[in-house]
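Next up: some structures, all given as structure tokens.
Both complexes shown next keep subunit A, but they swap its partner, so subunit B is in the first and subunit C is in the second.
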Partner chain A sequence: MGSVDVFTPVLMGIMLGGLYALIALGLSLVFGVMRLINLAHGDLVILSSYISYAIFTYLAVDPILGLVITIPFMLLLGFLIQKYILGRGFAISSETPLIIAFGISLVLQNLNQILWTPLSRGLNTSYSHMSFFIGERQFPVSYLLAFLAGIVVMVGLRAFLTRTYMGRAITAASQDKRAAQLMGINTNRIYGYAFAIAMGAAAVAGVFLGMTFPFTPTSGISFLTIAFGTVVIGGLGSMLGTFLAGIILGLSQTLGGYLFGSASQMLIVYVLVLAILAIRPHGLLGR
Partner chain B sequence: MTDETILKIENIDVFHGTFQALWDVSIEVKRGEMLALIGANTAGKTTLLDAVSGLRHPSKGSIQFEGEEIGFLDPYQIVELGITQVPEGRSVFPDMTVLDNLLIGSYAASARKRKAENLEKVYDLFPRLEERKRQVAKTLSGGEQQMLAIGRGLMADPKLMLIDEISLGLAPIVIDEIFRALHKIKATGITVLFVEQNVNRTLKEADRAYILERGRIALSGATADLRENQEVKRAYFGVDTCEVK
Partner chain C sequence: MIFSKREPLLIFAGFVALILASLPVVGAPESWLVYLFLFFIYLAMANMWNLLAGYAGLISLCQPAFLGLAGYAMTVGTWVGIPWWIGLIGGGIVAAVFALAISTAVFRLSGVYFAIGTLVVPEALRMVFYLWRPVGGQMHGAGAGYMVKGIGDLSGDVIYWLALVVALSSVVLMRLILRSELGLGLAAIRDNERSAASSGINIFKLKLYTFIIAAAVTGLAGGVFYLNQGYVEPTATFNVKWTMTLLLATVMGGLRTEEGPILGTIVVVVLYFLLARYGGYSFLIQGLILIGIMLLSPQGIIGLLRRLHLPAAGRVRGF
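And now, the complex of A and B:
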């Protein structure tokens, strides 16, 4: 460790945090609007990674360009999942959708297992293993791309939620469902849109995750854990909070590894999540 | 006020689960009038407004708006027809700005085309909302939040405005201001149905009133007559004044 100065883990942590935030944004949106912890979120992100993998491998389309297919596909899938599966659960009780989401998670893991085998895959494009340099220090390009994508999606989601009628309706429904209904907002339909948009964000996350890390059909669980920590620290439902929290987690992971060795880096992340929750139960920017 | 009926509620029963909150309630609202609904806590006032707004559906009876049956419609469809509700406790969207709260009021397709015009009207009615339009709603005072809630309701371009607990928790000077605004709203041709627990005040402001007791209509009539009514005097202004004062 001694040969590397602290600048390297700091920049790595910030970029990694951008990816974590990107993965967590959809989870945050769904929780903020529907009060649902979408236990299938990690698997839906990984599903997007596999779809990008298929597009890249079989159609030879660059995964970033392939987003023109992956995003609409995930938008539609999200809308249908909410409309035909989760939405019906909400009509039964508020816990039912949580159990349904767990079921979706298991189905997706097994589906991915059957379709792609348990082998580890990656989106190995020509540029995903390239490096860029700052002085003598070397950084992976894929981290930088993931970080930039995180910013674009966060800024885009914020603009959408505050500037458009549909976005404002989603925000309103998340702050006060009854009042939103009285404003003429069809909250059931709004839930469908919100879930769809969260899945659009998951599609982007899946692509950049796949370029940064190898993934298997069960990778969704570990990324759900990280996303959940991110969302909880950021304050559920806050896009900016989610982004900052992602960076905090990324930094604590790389700095933890730098200071205490890579074996303990995830432990440090989880201890930090618990500590922040003990001090600020509603997260850093939570309501 | 005209003689034309804008809203006709006929013999409705409304349940919360197994609990019956309204019993055989009938109410008629005339276009252009200011009608009050009076009653103690838990009498069923909010339930009645929610039934009109489509948040609750009657298990029996009918609700007609401009001659059309609306008892089975969803809230967003009711808003499209021109009925808006200013809910109890204001329920402004706390983390949205004043302006965004107002804009979301014009969400219904029927209201969007008159958004700019209605926004101007709201600012005329409550200049304070224009001064604070960039402020986040939760930082407003109670009175300002009520103005915002009413303004947001007006943005829906309503024909009928339902206002729940109009003065609850507000200072007397603010209550005066709200009632002045209400009369201006009425003067623009919007029919107003408001819920209020202060009987004295209500009988001064409204044209007619219905008194709801434990889920049933106990009395109704022109406020001028109700002020002289012995039963009202005994129940609401007598020595053993109850909580509604």
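And now, the complex of A and C:
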């Protein structure tokens, strides 16, 4: 980035945190509603990146505009996965959906590898490599876009969960499943909707991730780890907490890189996640 | 006493073990030994994963950490003059100590939290070994890995027997554990954690012991694997594909059954060699099988046999 003062990593970290929060929001929603850590979340985000890549490369449609295709596709995929695969798993035992999600993760990783080869890809639009300047310092536009998208999705999800009937039904089902059922809420269908919406958020995350970082079929697991760290720090299913936690992780990564060298920045994030788990198992902002 | 009513089975098992042990001497084809070696390694690890996930309710996704650390301990040991066999045992101890060390963090997590907390561990270790070279060497650069030194005169047959010993030990260990106080305690916890705790069972301690035992045995199996491979490097070592293989072997055979991992590992090894030439499709198909089995027969092949009331299933039943 040129300059060596601490302002650059701080702003980069905050913007990166927006992207991390964006990736984590879907995971957080599924976790809050269904008590399921969706081990396939990272791979579903990467799948969205690849779909955007395909739309961008073959149809020459801008990836952000391409969201009109990507989001409905992921919504539908999410609903189907929940209805026909995970939902049935919930009926069997509590660990079944977790193992199934692991299976989905491996299927997606290898499917992506077969469809798009293990090569590293990126959504290289005309503006994703542009920079903006604050004083002498130079910042990538893609980071800013990802940060803004994170805020939009977070505010949107919050409004949806508190203002709309379906959102309130989802919140109710996550707070007390039995009570929600007694109020006439079809919790199985609600789970389907919740998972679908989480996948919609994953679609947005996939696009902005693809514009910010290069990705490979196996990138999913590192982003799952980051997303999980974000959810853990932010506390269960809290959208605002998730957003703040994303920024904490983003900052720790860029500041870690600034202080100890860029090679060890991801290690610092992982160690931070484990350390926070050890000290506060339910998250910094959680119960 | 443990085997009192099962003498025919014991004799049969001993017979099978003898045949397996004699294969390298009687000149069995090299390819058989390769398959069987992999079967032994996977069986020992799958048994331990079954113990954790099936019996102790710990869905551990950090098994690559144990086998990798043990492999690294042994390999790095040979660079500073420690004989491989001390390194092998030392590797198992390193894995066990590491399990104890991370237990302070991951044991505060329950259920899904535990699963994903453990998933982070191998990822972090991969980073560590990508950046850190414990001892120098002619290979430089991050993540280059290490050759195992000083095993030039170690024959493949010995490594094969080591793998067989580890696999057999893991089977016997499972029997012993499940019939010991530890196993009974785990069964009580599994049935009802709260009532087990109120009957004076120290849940934390039992789960911790299980975690440490599983780590040690997984580490030993990993050490033998890297002895055979001859080198260790971070990317393939701390890799989620190990977890996938163990999970698949256990779930396919039958989670929470003693025979399950044996049957499941046979299927996994056969699949591995059948699908090897299809590259990426191999894990795709294995993933689909995993999902299918979880949905159609959560108790795996053993569960399927039991449901069909086959006489064979009656004979191999657990207790």
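Annotations
The rule is short, and it goes like this: the second predicted complex is superposed on the first by the 281 of 287 C-alpha atoms of A that agree within 3 Å, B and C clash if a C-alpha of one lies under 4 Å from a C-alpha of the other, contacts with A are read in each partner's own complex, and residues count from 1 in each chain.
As a convention for this text, a contact is a pair of C-beta atoms (placed from the backbone, for glycine too) under 8 Å apart; a residue touches a chain by one contact, two chains touch by 3 or more.
Owing to the predicted nature of the structure, the values given are computational and were not obtained by experimental measurement.
Superposition of the two complexes onto subunit A shows subunit B and subunit C fitting side by side, with no clash.
Once chain A of one complex is fitted onto chain A of the other, the partner contacts of A:Thr164 are absent, as it touches neither subunit B nor subunit C.
With both structures placed on the common chain, the touch criterion links A:Gly103 to subunit C but leaves subunit B unconnected. Of the two partner chains, neither subunit B nor subunit C is touched by A:Ser120.
Subunit A has more of its residues touched by C than by the other of subunit B and subunit C.
Using the contact criterion defined above for the overlaid structures, shared-chain residue A:Asp176 touches subunit B, although it does not reach subunit C. By the touch criterion defined above, A:Ser131 lies against neither subunit B nor subunit C after alignment on the C-alpha atoms of chain A. Looking at the shared chain after the overlay, A:Leu111 reaches subunit C, while subunit B stays out of its contact range. Seen from the Cα centre of subunit A, subunit B and subunit C lie 90° apart once the structures are superposed, a value rounded to the nearest 10. Subunit B and subunit C never share a C-alpha pair closer than 13 Å once the two structures are laid over each other. Against subunit A, in their complex, subunit C makes its touches with residues 53, 57, 59, 61, 102, 104-106, 108-109, 111-113, 115-117, 119-121, 123-124, 127-128, 131, 142, 240, 243-244, 247, 251, 280-284, 286-288, 290-291, 294-295, 298. Partner subunit A is touched in their complex by these residues of subunit B: 53, 55, 74-76, 79-80, 84-85, 87, 91-96, 100, 103-105, 107-108, 111-112, 152, 156.
Within the complex formed with subunit B, the residues of subunit A that make contact are 162, 165, 168-169, 171-172, 175-176, 178-186, 287.
For subunit A in complex with subunit C, the touching residues are 31, 35-37, 39, 85, 88-89, 92-96, 98-100, 102-107, 109-111, 113-114, 221-222, 224-225, 228-229, 232, 263-264, 266-267, 270-271, 273-275, 277-278, 281.
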